[in-house]
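Shared between the two complexes below is chain A, which pairs with chain B and chain C, respectively.
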Partner chain A sequence: MKTFALSVQNLIRKPGRTVALSLLTAFLSLAVFGGTVVVLSLRSGLQSLESRLGADIILVPSEAQSKVSFKDLFLQGTAGAWYMDASVTEKALEVPGVEKAAPQTFLASLKADCCSVKIQVIGIDPQLDFTVQPWISRSLKNGLGDMEIAVGCKVEAGMGEILRIYDRQCKVTACLEPTGTGLDTAVYCNMDTMRKLLEAAEEKGINHKIKSGDEDIISAVYIKVRDGADIGQVNSALTGKLRKVTAVRTRSMITGISDSLAGVSRTVTLLIALVWVLAVVILLLVFLMISRERAGEFAVLRLLGASRQGLGRMVLTESALCGVLGGAAGTALAALCIFPFSALIEQQLSLPYLLPGAGTILALALGTVLLASAVSAAAGFLAARRLSRVDPGSALRGGT
Partner chain B sequence: MKKQLIPGCVLLALSLVITLGSISFLSPCVHEDGSFGACHWAGRSCMGIGAVLGILAVMALLLRRGRRGVYLSALPACLLGILTPGTLISLCRMSSMRCRAVMQPALIILFAASALAAAAGAVCAKES
Partner chain C sequence: MRMIAENVSRTFFRKTGEANYFFAVHPVTLELDEGSVTVLTGRSGSGKTTLLNLLSGLLPPTEGRVLLGDTDLYALPDSALSLLRSEKIGVIPQGRSAVDTRTVRENILLPALLYGKKPPEEEADRWMEELGIASLRDARPKELSGGELRRMAIARALSAGPEVLFADEPTGDLDDVNTARVLEIFRAFAHEKSKAVFIVTHDSEAVKIADRTLRMDAGTVL
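Take a look at the complex of A and B:
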């Protein structure tokens, strides 16, 4: 207890030294905590995208590739709309190996009075859907009724609130859980509501008619392949059978995202390692310099009766306390930069980004503070060993 | 004496960042058609509150008496600044929008830091 009190007094009486040492460990913990949270968020974002897609193949009109990139819709929530004949769903179900086919219709809203960007409205068929329905079911037991909508977590609308889309009033009946993808900015409704919204859009002069003149239109069909069937063969069969339709394998889309994620992850890990090496080397040098500077002080303490082990413990306690202080400050600073600005980070990375749960973040923060104090204590250990060997007589005469 | 001026200098610097930031790097969303959304007015209000904080900081630095009172009066202004974007004045509905992704968190952090600086100034201020 005496050693602890003496260490605390030493830290208080030398504020410059304490702040400098704490800053070094703060830098270390900032890099470790910040980097790890970003990498974990990217990983959970990718997992979420995989589970959220749920389909093996997505059928879209050929024009979809040239309009807004299909990937942009999933990753950045870029609003886009393209249409094809609704009979594509039935034709797809006739292809051997196709287990389920769920149509979706997209509609990019006009610039709403609430926002300066368009909102993506997605119409689903609750009877056939297997991609969005499981997510909606978690928040809404009775399904989506007419003129009812479910909003992604990034659309700030409360339950029961009315959103105006093309001057039609839609009631919010469910708020979906975050997925970390662009789909969080979308609004979901059933096909009947979507037909009414398409009509409303036509009244505003936005034409959704397709060349064949069919009234019943869809934008995409999500395909689930039977167990044991070869996805590549089913994909080829669908491409062969359906004209002017592109079959996109979700695996290839996710692999592309996964490659980008691996690149970001590698860069962040390399940066953390570099910061680590630098911080440890600087800490070691600083503690060695301090041990020279404090040789006289320790010689006096030795002459006053302090044991070698006691002095060693004091230096270790001081360095560990600096580590705790710096670790906590660095972690807090990283948290202040990452959590409030997570939407901005997601936009800049253009990758699925889903923050880990509170428990994981808390454990990570505690681990970072412990790591910072352990590294600081380890660097202080060398100084403690050096100081405990100091001969009081020669130290007081000016030598070490 | 010099130590007593530090909170005032910090408050002045923060108020400058808030005032100038609200119309530059922390500005709200820009609508394609040039119209203004609610977030625009939230940004303007924060700019005004920032300017008030700046005046209070200058007063705290120049006044010899009543410095503590000036710092204490900055606290409700900071609270108003924290509540303005999103609570008192609504912002865009999508959290990916610039007003929600950049302006709101940055201004809340800056106003909270200003409140801390003002509180520190009130504690440190010695009334002669």
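Take a look at the complex of A and C:
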């Protein structure tokens, strides 16, 4: 029996029924696709943050603790305008177990012409840096030169473009991959460039807490612990040795974020499961009602020579097609709700949020449509079974 | 093509006295010859429709077999039997037998469409013309009267060009003029095209075109 064309015609000629069935699967796929994209984005954001930080411990002045939460600093790009003596780097390197120590100097967030968001200028020492340099080296082999900058993905400037900061021209020589965190609004430069920018700011009468002449101050030191060394012990040793400095373990910060993420994931998963159970139960009931309504129609088809298997296939094809339609509609709707508003979602969740790549999203969308179609077909299975067993003789005489 | 029913019987579950079943059709042997009209009469509930369903491949017998040519209908798997019914057996059922989502013409062409065959459009148009429903070709079944629906079912069965045609009370909803026209069509279909026609009816007019008349009572063909 050739049932596909008939199934399509049946769907077209009963638009109300088709739309109702498709809507149910649309809710399913909206929940699945939307929820999964959000959870994946959170996980991917966390992974990205973890790998971008690249350090086991971060040293900051003790005063920083009272100014801002470190979580906010990295997730929201909150200004980190605190400073300590540059000698902390050398002292840290003397602590057993410390393999690398890379200083960074933060300039408070500033508004630049390029961008809709505030950017944070961060000075790094290209000789010592191991947190940003590996990312920069993908596009810039020789490191950051004079008046050269590497920009986060939310800084709206492309490679080779000139970005004006305090009227100084800075050439963009590297664009960093997105992290879904405040690091995406950072502009990295070497310490000389940083001082020149500070001079320019002073010329314009803008005062920062740090002055262009302050050569030996930094905001943070990123520590990489030697393989095999106990990070906790190194952390304690650093705290003991360095006065007025706080050592923050990035793992504990990441774990904190990870715990919040697990909470969000659990809620989203629970919601998806609830929607699924509801939708499947409703689909089953709807298909059973439809099987009663269509008993006469199927008795006629059976009378005309349709096989049981062919009739079953017809119902399954119809329900699977409804699943495809609803699945595609729900996925498209979820995409419309999520992608244009990812910045807002990121802001509301206060967690690292990084959308998966196009390939992953496409595969996920395809998987969702297939799943919706399979669920719809499975829900239609009972109806298919029931309808394929219709006895045409009794059905056409009024009974079923 | 000749149809033979050999000792065909059918029981149904029903608690009656000591037995748990009753005979809707007692064992019967009969032949439907090509080129002849067989008319079966009998009181309501005598088992006429059950016998028609047994012969037309719609209801498996409890015992016995039904042969179309050399083919034992109920020895075939469902898919093969369905295909054979679609190609060689036409059934005009007693009740309403239209698919409401399709037009009259589409209903008539439906048997061919089920198997993706070229629909017999010329035949369909010709039978609609002969049965006086040509003007209703694009109408939906819900817009039709009982008599028009009955004629649509007749046109559908004839358009498929079956070897054996079964009709259950085919003139039940028809006026005298249409009854005469339909009976004449059945007669001509059997005699001119050498097909077997089996009619179940209460209509005494139908008996007039019969080459053979059978009567049924309490499940037994007399």
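Convention: the second predicted complex is superposed on the first by the 370 of 400 C-alpha atoms of A that agree within 3 Å, B and C clash if a C-alpha of one lies under 4 Å from a C-alpha of the other, contacts with A are read in each partner's own complex, and residues count from 1 in each chain.
Everything below uses one rule, namely that contacts are C-beta pairs under 8 Å (C-beta built on N, C-alpha and C of every residue); 3 or more make two chains touch, one makes a residue touch a chain.
As the structure is a prediction and not an experimental result, all values here were calculated from the model.
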Which of the two partners, first being chain B and second being chain C, lies in contact with A:301: first, second, both, or neither?
second
Using the superposition on chain A described above, determine whether A:325 touches chain B (first), chain C (second), both, or neither.
neither
Counting only touches as set out at the top, which of chain B and chain C does A:391 meet: first, second, both, neither?
second
Applying the document's definition of touch, where does A:361 land relative to chain B and chain C: first, second, both, or neither?
neither
Is A:172 touching anything from chain B or chain C once the two structures are fitted on A? First, second, both or neither.
neither
Mind working out whether A:154 is in touch with chain B, chain C, both or neither, as first, second, both or neither?
first
Per the contact definition in the header, classify A:10: touching chain B only (first), chain C only (second), both, or neither.
second
Applying the document's definition of touching, compare chain B and chain C: which contacts more of chain A?
C
Who does A:309 touch here: chain B (first), chain C (second), both, or neither?
second
After the superposition on A, what does A:245 contact: first (chain B), second (chain C), both or neither?
neither
Under the contact rule defined above, give the chain A residues that sit at the interface with chain B and also at the interface with chain C.
none
Spell out the part of chain C that touches chain A in their complex, as residue ranges.
49-50, 53, 58-59, 78-79, 81-83, 85-87, 91, 93-102, 110-111, 113-116, 156
Please name which positions on chain A make contact with chain C in the complex.
1-3, 5-6, 9-10, 13-14, 296-297, 299-310, 391-393, 396-398
In the complex, go through chain B and note every residue touching chain A.
29-33, 37, 91-97, 100-102, 105-106, 108-109
What residues of chain A sit close enough to touch chain B in their complex?
77, 111-112, 114-117, 119, 153-157, 163, 184-185, 336, 340-341, 343-344, 346-347
